[in-house]
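What follows is a pair of complexes built around chain A, which joins chain B in one and chain C in the other.
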Partner chain A sequence: MPAHFGHLLKKAMKTFSQVNREKATGMLDFELKELENIFALLILGGFVGLPSPPSPIAVELLPYMEKELTVLLARTDLSQDPLGVLMGMLEID
Partner chain B sequence: MHDTVFFLGKGGVGKTTLSSAFALALARRGKNVLVASLDPAHNLGDALETTLNGRPKKVEPNLDALEVNLAEWVDKYLEESREQLKANYSYNMTLNLDSFFSILKYSPGTEEYAVLWAIEDIHCRLAPSYDFVVFDTPPTALSLRFLSLPAISGLWVAELTKLRERILKSRQTIVRLNPESPVAASCVDKNDDKVYGKLGSIRTRLKALDTLFSKHSFLSVIVNPDDLSVFEALRIKEELLKLGIPLSAVCVNKQGVSDAEWKQTEELSHLPQFVFDFCRDGIRSRKDLETIGVEHLLHYFLDKQGKA
Partner chain C sequence: MTTLIALVALAIYLAFYFIYGRVIRDKLLKSKEAPEAPSKRLSDGVDYVPTSKYVLFGHHFASIAGAGPITGPAMAVAWGWLPGLLWIWLGNIFLGAIHDYLALAASVRYDGRSVQFVAQDLIGKKAGKTFGWFTLFLCILVVAAFGDIVAGQLAADGRVFFAFVFFCIAAVIAGFAMYRSKLGLGWGSLIGLVLIILAFWLGDMLPVKWSKDTYFLIIFVYIVLASTLPVNLLLQPRDYLSSFFLYFGLIVGGISALISVAPLNSIPAFTTFSAKLIGPAGALQPSPFWPTVPLIIACGALSGFHALVASGTSSKQLREEKDALFVGYGAMLVEGFLSTLVIIAIAGFGAAALGDKLMSTAAIPRFVQSFAQMVTTNLPFLPMSFMTLFAAVWVSTFALTTLDTTNRLGRYLVQEMAEPLKEKNPGAFKFFSNKWVASIIIAFVGIFLARSGGYTVLWPAFSGANQLLASVVMLTVAVWVKKKLNPKYVASVMIPAVFLWVTVTAALIWYEIVIIPVFFVDMAKTLSVITGAVVGLITLFMLILNFIMISSFLKNWKVNAQAA
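Then we have the complex of A and B:
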C-alpha cells in the first residue's frame, strides 16, 4: 500500500512539475514560433512581395526549411485572429 | 597577387577584343592562360576564330578559352536544389513546392548568380591549372550586378545568420527548461542545424568571391574617345569604390576613330592609361589581335605582378 501511494505521489509530482515546465516555456514557445515564422518569411517573402534576399539564396536554403515552412503555413491559418491567439496564450478569458 | 583579369566597360567599347588580345599576348609570353567569356551574347570564339563552349578548349599552346553557358548553370543549380529538396522534404510538401522551381529560372537575380557560380567554378576548379585567368565581361549593368552580389548578399546572409542564432538559442532555453517539449525534436545545436550550416557555407563562398574581386583581381575599364563610354566608366568606378573594389587601369580603345576633339576626364586621370589605336579594317582574325599592341599594358600588368 505505501509503495503504491509513493508511486502515485511521484507520478503526481512529475505531472505537477511538467505542467509548470509547460507554463514556464509557453511564452518562449510562442516567441520561438514567431522567430521561425519571421525567418521563413524573410527567406520566402519575395514570393509574396516582401523584401527578401536574392532568390538564389532562398533556393539554397529552401531544402533545409521544411519545419519553418510548416510553422509559416500554421501561422497563416492563425493570422485571421492574432489577438485571440495571444489572449489564449496569456490565458485571458 | 592579381592572377585574375577583368575587362569592364560599356557595350561595344572593345572588351572582347582587348581581353582576347591581352590573353593571347600573355600566352605568347609563355604564361599559361585561360580566357573566359561571361557575356550571354558571346563572341570570344569569333575573335579567336574557333567554336567555344563551357569547357576549356586549347586555342594555342599556352592559351585555353571557354564561353560560359549561363542557361546551363541556372538549370544545373536549380536541378541540384530540387533534388536536395526532394531528399529532405516529406512527399506531400515536395508536391506543393516542386512546381515553382520551373518559374525560378526567370526570377530576377538568377542570371547574375549564374555568372557568380561560373566565376567561382573557374576560380576554384580551373584556375589552379593556369598562371592567369582573363575574363571578358558582359556590358556594365550585368557586370556591376554580379560584382556587387557578394557584398549585398553577404549582408543578407549575416542578418539571417544572426536571426538563426537567436532561434537556436531560444530552442536551447526551451529544451533546458522543458526536456519533454516538442522543440527537443528539432535542432538546437549550431553544429547540427543544416540551415545554420548552409548559411555558413554561403557566407564562406561569398567572402571568397569578394576577396577575389577586391584583392586578387586586376580590373581594367575600357573607354572609347567619346563622352558616353567615359560617363559609364565613371559610374563603374563609383560603384566599385562603394564595394571596396579598386580599378587598376583605364584602356582607351579605338583612338582615332573620329576627328572630334576629346580629352580624358580628370576623374580617371589618376589611373594608368593605355591607348589602343582604332583598327580601320576591323578585327577579323586572330592575326589582327596581334596588331592591337597590348605590350605596354602587358608590361605594366606583369610588372605589378612582380612587385606583388
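Then we have the complex of A and C:
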C-alpha cells in the first residue's frame, strides 16, 4: 500500500512538473512555430507562388524537409483558423 | 455549514461527472467507438502531439481559471448566497461543463479546428464572422471591465501596486534564469518563488496611496507596453509564475472551506429577486435574477471563451476522444468549485472581515477580505495581513494578465480586420496594422469606458457578450449532434442551448432598455453620455449579430430536418 501510494505520488509530481514545463514554454513554442512557418515558406514557397531558392539548393534541402512538408500541409489547413490557437495560449478569463 | 456546502458541491460535481458526463460520453458521443484522435492520426510532433489527460487538464484548467470565476460570484451575493450558488452548480453541470466538453469533442472530430470553424461549417459563414466580431467586442469589454476592477483594487489596498511591480520584475528575472541561463526551469522556478515572497514583503513595506485615475493611466501604459513586448520577456514567465497563485489559493481556500464549521450568516440566503446590482455607480438599477444572472455570473457557471480555449490546443493533443470528459467537463467542474469557494468565503466570513460594510464594499475587496478571513480563521499560521495581500495580488495579477493578453488578442484582431483595407486604402491599412496603433486603440477605448463606466455596468456587458458567444457555441453543438451524431440525444443539448439563448438575449435586451438610458439622464455629463453610447452600440450590434446568427441557425436546422 505505501509503495503504491509512493508510486502514485511520484506520478502526480511528474505530471505536475510536465504541466509546469509546458506552461513555461507554451508561448515560446508558438513563436518557434511561427519562425518554422516562415522557414518552410522560404524553402517551399514555390508551392504557393513565392519565388523559390535556386533549384539545386532546394533539391539538396528537400530530403531534410520531410517533417516541414507535413507540418506545412497541416498549417495550410489551420491557417484560416488562428483564433483557437491564440485563445488556447493566451489566458483570458 | 461551510463544510456542508463544500461537500455538497463536491458530491454534486462528482455525481454528475460520473453519471451524466459518462452518459454523454458513451451514448451521445460514443467516444469509445470514435475514430482515432487527430493527435495520433495527424501526429507531427509539433501541433498534434498525443498528451496525457492529466497534463492536458492542468493546461486547460490554468487557461480557463482567471479572475472571472471570482468576480461574478462576488457580485452575485447581492441576491443572497443561495441563488448565486444554485446558478453556479446547475449552470455548471447542465450548461458550462456540457458546453466546454462538447466544444472540445466537436473540435476533436474536426481534426482540432476551432469551434469558429465548426460553426462556419455547420451554420454558415455568417456564424464564423459573428465569432470574430463577438471576440473583438469581448476584448474591448474585457479591458474595460477588468481595467476598472484592477484600478479599484489597487486604489483600495496601497500594498498591491508595488507587490505587483516587484512580481513583474521577479518574472523577468525568473524568465532570464529559465530561458537564457544554464540554470533551467527548476532553479528558475525556485528563484521565481523566492522573488515572489520578496515581492510580497516589499509591497507590504512600500504602500502607496494614489487615486483611481492615476491607476487608470498606469494600467493604460502597462497594457500597451506589456501587449507589445516580446512574449519571452514578461508574458510567458509571468503567466507561468502566476499559476502558483492559483494552486496556492485553491489549496488553502479548499482546505479552509472543508474544515470550517462557520455558519453562512454574513448575508441572507435570499435577499430579493431584484437586487440593485447593475447600473452606473450611484444609480444601480433593480436587476431581476432571471434573466440577468448570466450578466453577473459568467465564468464560474459558463463561459464562451472556454470553447475557444478547448478547441485551440487541447483538442489537438487529446490522446483519445474519451479523455475529453476529464479535460473539458472535469476542468469546468473544478472552476465551479472555485466559484463555490468564493460564495462560501463571503457568506461565511464576510461579516467577520468587513462588518456592516460587507455589501457596500466593491466586489473584489469583498472577496479579498472574506477569503483572507476564512483562511486565517481556519489556518491560523497564515496571518490576516499576508492573506489579504496574497488574495489582492492573486486577483489583481489574474485580472492584469487578462488585460494585457486580451489587448494582445484585440491587437491581432484589429490587424486581421484591417486586411480588407490593404488594396482599397493602403494608407489606412498601414495605420491600423501597426502594432502600437492597434494596441493603443483597444487599450484607449477599454480604459476610457472603465474610467467613465465602472464595473457594475461593464462587467455585465462583458459577461453578456461572453454568454452570447457561449449560446452560439451551444447552438452550433446542437446542430452538430443532430447532423453528425445521435439525433436521439439532441434534447440534452438543445434544451440548455435554447434556455441559454433566450435568457442571454432577454438579459441583453433588458440591459439595453433599462441600463443604457440611465447614462442619458443628464446630457450635460458628456463622458457618461459617450460611455452610454459606446456600450449601448456595442450591445446593440451584438444583439443584431445574434439575431442574424439565429436566423442562419433556424434556416440550417430546417434544411437538416427536411433532409432527415
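As a convention for this text, the second predicted complex is superposed on the first by the 87 of 93 C-alpha atoms of A that agree within 3 Å, B and C clash if a C-alpha of one lies under 4 Å from a C-alpha of the other, contacts with A are read in each partner's own complex, and residues count from 1 in each chain.
Simple rule for what comes next: a residue touches a chain if its C-beta (ideal position, glycine included) is under 8 Å from a C-beta of that chain, and two chains touch if they have at least 3 such contacts.
This is a predicted model, so every value here is computed, not measured.
Asker: Taking the superposition as given, does A:A24 touch the first partner, chain B, the second, chain C, both, or neither?
Answerer: Both partners, chain B and chain C.
Asker: Which of the two partners, first being chain B and second being chain C, lies in contact with A:I57: first, second, both, or neither?
Answerer: first
Asker: Thinking of the overlay built on chain A, is A:V71 touched by chain B (first), by chain C (second), by both, or by neither?
Answerer: Second partner only, chain C.
Asker: Based on the superposed arrangement, let me know which partner A:I43 touches: chain B (first), chain C (second), both, or neither?
Answerer: So A:I43 only meets chain B here.
Asker: Does chain B (first) or chain C (second) touch A:L35, or do both, or does neither?
Answerer: first
Asker: Quick one: classify A:T15 as touching chain B (first), chain C (second), both or neither.
Answerer: A:T15 contacts chain C only, not chain B.
Asker: Of the residues on chain A, which ones does chain B touch that chain C also touches?
Answerer: 18, 21-22, 24-25, 28, 31, 36, 67, 70
Asker: Where on chain B does chain A make contact in their complex?
Answerer: 77-78, 81, 84-85, 87-90, 93, 97, 100, 104, 107-110, 112-113, 149, 152-153, 156-157, 160, 163-164, 166-167, 170-171, 173-174, 177-178, 180-181, 183, 186, 194-195, 198-199, 202
Asker: Using the touch definition up top, name the residues of chain A that touch chain B in the complex.
Answerer: 18, 21-22, 24-25, 28-29, 31-32, 35-36, 38-39, 42-43, 46-47, 53-57, 59-70
Asker: Enumerate the contact residues on chain C facing chain A in the complex.
Answerer: 42, 44-48, 52, 54-55, 58-59, 62-69, 107, 111-117, 131-132, 135, 142, 178-179, 185, 188-189, 231-232, 235-237, 239-240, 243, 299, 303, 305-306, 308-314, 401-402, 405-406, 408-409, 412, 416
Asker: Residues of chain A touching chain C in their complex?
Answerer: Chain A residues touching chain C: 15-16, 18-28, 30-31, 33, 36, 67, 70-71, 74-75, 77-78, 80-93.
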